[in-house]
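Naming follows writing order (A, B, C and D), and every chain is counted from residue 1.
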Amino acid sequence: MTDDRNLGVTIRGMTMPNPVGVASGAFGYGEEYEALVDLDALGAIYTKAVTPEPRPGNPAPRLADTPAGMLNSIGLANPGLDAFVADKLPFLRGRRCSVVVNVAGKTEDDYLRVVERLDGEAGVDGYEINVSCPNVAHGGLAFGTDPAQVERLTRRLADARSKAPGRPIIVKLSPNVTDITAVAKAAEAGGADALSCVNTLVGMVIDVKARRTVLAMGTGGLSGPAIRPVGVACVYKASRAVSIPVIGLGGIASADDALQYLLAGAVAVQVGTALFSRPEAPLEVLDGVRAFMEREGVGSVADIRKLLR
Amino acid sequence: MTDDRNLGVTIRGMTMPNPVGVASGAFGYGEEYEALVDLDALGAIYTKAVTPEPRPGNPAPRLADTPAGMLNSIGLANPGLDAFVADKLPFLRGRRCSVVVNVAGKTEDDYLRVVERLDGEAGVDGYEINVSCPNVAHGGLAFGTDPAQVERLTRRLADARSKAPGRPIIVKLSPNVTDITAVAKAAEAGGADALSCVNTLVGMVIDVKARRTVLAMGTGGLSGPAIRPVGVACVYKASRAVSIPVIGLGGIASADDALQYLLAGAVAVQVGTALFSRPEAPLEVLDGVRAFMEREGVGSVADIRKLLR
Amino acid sequence: MRRFDTIVTANRPVADGYRELRFAWPPDDGRRADDGREADDPAPGRFFTLRAGGRYDPALRRPFAFSDWRPSGRRPSGGEDGGAIAGEAACVFQLRGRGTAHLATLRPGDSLDVLGPLGRGFAKPPRGARPLLIAGGIGVGPMLYLAAALAADAAAGLCEAPILAVGARTAALVPVGLLPAGTAVCTDDGSAGFRGTVADWLASFDPGLPPAFYACGPAPMMAAVAAVAASRRAPYEAAVEQWMACGVGACAGCAVRLRSGDYVKACSDGPVLDGGLVDWEAMA
Amino acid sequence: MRRFDTIVTANRPVADGYRELRFAWPPDDGRRADDGREADDPAPGRFFTLRAGGRYDPALRRPFAFSDWRPSGRRPSGGEDGGAIAGEAACVFQLRGRGTAHLATLRPGDSLDVLGPLGRGFAKPPRGARPLLIAGGIGVGPMLYLAAALAADAAAGLCEAPILAVGARTAALVPVGLLPAGTAVCTDDGSAGFRGTVADWLASFDPGLPPAFYACGPAPMMAAVAAVAASRRAPYEAAVEQWMACGVGACAGCAVRLRSGDYVKACSDGPVLDGGLVDWEAMA
């Protein structure tokens, strides 16, 4: 039997007990799912985005149903940095799983403020930099689509990390780009410790009867199994373009889905949308990955990719 | 009752009898589907890509099943320009529906050769320029992702059109770009008469048991209902960025799906992957669009978009 | 709150385009607590979500309000089966789209994937107030359940007897077989009961006592009740409807706009909200 | 060839992980023509595709070979029902993934969406040749049908009697109930019949007459038969398997590589191909 220590994944100073995390925005700040999921069995909780100021979020409706997927336009709704530290972090502190705070903002300085403040707080194990948020305007396009800006932001964040130098900077990439390897390389050049891949695709659903977009904001982010082939292709390409680890996500609902990402080159995965359908999905994914490793005699999660022919 | 003439869609010198066509690559050269679909009831047949030389296509397997979609890596398999004219065009000639030839190639000159030769042949009503084919390498990326090259190619094709100046040049856009409006504007600037939107998304499926990609080529093009929200968003954006007409496609399986595209800004639609599941889908789509126009009292297809709130 | 797989016990049409779905409720779940607000109490106004199709399509579960709930137990008298009473829950659902189309195909014995109970239910009426229950469309399920619960409370002397009014476009849309005796039926076309909307009916109705409003239905109806409740300075417990993803307060997807401009979560702050605070215009 | 909606008539397990699905074949469809190659003739080796799930998920239909087909007709003797015989078709399918998992849930009376008949079937054996039919795994369905058709032809003096060999890993995977008398069963573990692969069995078998090979099964088996057929300079009608999208020759998705390097379409050039020409290595 594989020793469970072999399931651990280390990124800079953070060691996740296992490779299966829950994706930002799908799991709130953990507490909400406590009755449904054994949090201590997870590899990591990636929190809902934290911005310096509280954000009410976008107008409603914010959700739409799509074939094998969904759209969301939550709009980074969150209580803000102070309330996160006061009200949400205490619950997360002391969990067995790693706690990665998803960081967002309107400006580069916003991101810095969040990381600098959290560096002084115990209970945070790493940062996931949400440069792929459609709400952060930059020349009309989303922030994370410009390699130069991604590199600069990453460098500033990596440099700012003084009090808690062991905490990894994980840059979360958008699939809405012509060439994801250019953004991946830019993040690596800026000093990112890892990438996570992918955020949502831009999509729209129109309510034909009502003759308007279902989402109040028009477009939103497409997630769920529908986008899994896109995510797997992105991870395959990104993991071959950089030498830092890549965390895979997008449409993972079963162990087989997660193993596609791990074979494609990821060292860990996140489960997002599937939580809504089946809260225990991440634990089932973990069981399946563990069983695969035992069956195939793989010593560590990062070795799974070597099995791809 | 709406007079059927109101269903017609005119692009340059081509008038499609109705707005519902069948997408390139999903309907061969028409003949294959003759037993299953009344071709004369279609608005247009967009042929499988035609290249100057015959192409055997990519190694097999070329297909993969995905959630609410599929991947293909056919690789522009086609009998070549001469065989197309000799063996395929005669069947298409004289159909009541418009015949739009999907044009592809390795170089700009390849595209020119196809259009120049076909300009001398009766039975072709327009050209759909497949600049979004992942097989046409250009600096490591697909051709259709570089606005400057799209503009130049479009201009060369538009200028070359001498014998049959009425035939529209329809540039088919890729969704695999950071900013689809930039490519749309480039095509318009180059003299395109219309755009079609979207081609497939890049995706990958890994067969975990076999530990290899399902497609022999690794990645392929994702199509089907899974990508519909992406296509609708692209049409919404592209149709607001240009003043030439936009033809919408991507995951259309029902009239409601087509109406989403028409409300988003398209003047016509194409049905691709849904044909595989239900060959009569385009005719059902047409019936539904006609019924919608009657119910809503819309005089022409192009007016449907005005109904969007 | 728990996700569990159970068994459909009944699925039958109750009006044009409406069905009642009943399913087994696990014996160890949902013991009703005394304060009526316990996490596992399937109280009136609370809801559950169903997987309505394949494993991941639709990706979003579908929320439905309890229209009935009975815990498992034992008859004190015993009997052939040892007096076992199986637990059961139900909802009344309208056929709308692909999720409910799938639910309509379920047969007794089919498996059902349930997550619940979720959300905040209805508060008890103030002492001495007349509970006025207004249901429209898909709102009929939760109001039936509330009407039954309040009738039982009233019989036990805990509150005044409730009055239930059900509105529909036409008679065929009213699940008459499910309505308790004395229900005021209102139809827009006058094909049954009072001709007009429930709001019209309300305007002409004298509850005798100070009213306490409870409602669930389409936004215009909810807004009309809000106006009446405001004019009578009466409490208004309003069950809202909004697209949901997680159902547990984690995703902020089910935002409902309040008149203050703030957003609350339908799934965890609601679905029962103070109807006077909700921005009903934004819901339409 | 036609897409039509019909009704499941039977769906039962026939071996571990294998089921036989039977469904009504429309009366006006698939009259068998004399040359056995007519567009609407559900001849052995030809196939149909099924929608195996929701309206668009899976997006690709699933192909299955006919394992049986009976046209509708009338008994000359008449009878209570006027002598009506309903048409029926069948396949034997293996549970592999989500599509076949869905098919396994179908019950008699359920609706079924069929597109067919498709593709090219098996050619008749040359006169005086012994038809040797080799089936492995999911290849058993079409070979059963071919065996029955050739047995009938033989009875009518049109060809020699066929010999059917079925290979499987172990006895539990063999649909014994469906096999005609005299079938050679081969199991890798020797749990039934001949111990070894069908290729091993073939090597030791003397057909008496010059053989004509027919096979459907996994690529390694198909390759082994190709080797034997080549060494005996015998014809080899091989039914191939490949992912399909359109099923009608339009999409070029079902490419099968020949040893020449060319590609043919499994759906319209095949599924029955000259087994000596196929690049079996590329199929593995």
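The rule is short, and it goes like this: contacts are C-beta pairs under 8 Å (C-beta built on N, C-alpha and C of every residue); 3 or more make two chains touch, one makes a residue touch a chain.
What you see is a predicted model; the values in this text were computed from it and never measured.
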- How short can a path of touching chains from subunit B to subunit D be, counted in steps? 1
- Going only through chains that touch each other, what is the minimum step count from subunit A to subunit B? 1
- So which has more C-beta pairs touching, A-C or A-D? A-C
- Message: I'd like to verify one number: the distance from the centre of subunit B to the centre of subunit C, where each centre is the average of its C-alpha atoms, in whole angstrom.
- Response: 47
- Note: subunit D sits from subunit C at a C-alpha centroid distance in Å of 54
- Euclidean distance of C-alpha centroids - subunit A vs subunit C, Å: 36
- Shared-interface residues of subunit D (touching two or more other chains) are 56-57
- For subunit A, residues that touch 2 or more chains besides their own: 64, 66-69, 224-226
- Item | Topology of the chain contact graph, where touching chains are joined (line, ring, star, complete, other) | complete
- Query: Residues of subunit B touching subunit D in their complex?
  - Reply: 25-28, 32-33, 35-36, 48, 56-70, 72, 74, 77, 223-226, 253-254, 273-280
- Query: Which subunit B residues qualify as touching subunit A in the complex?
  - Reply: 64, 66-69, 71, 140-141, 145, 176-179, 201-206, 208, 210-213, 218-219, 222, 224-230, 232-233, 236, 251, 256, 259-260, 263-264, 292, 307-309
- subunit A-touching residues of subunit D, taken from the complex the two chains share: 56-57
- Message: Give the list of subunit C residues in touch with subunit D in this complex.
- Response: 53-54, 57
- Note on the structure: Within their complex, subunit D touches subunit B through residues 1-3, 39, 51, 55-61, 99, 115, 242-257, 261-263, 268, 282
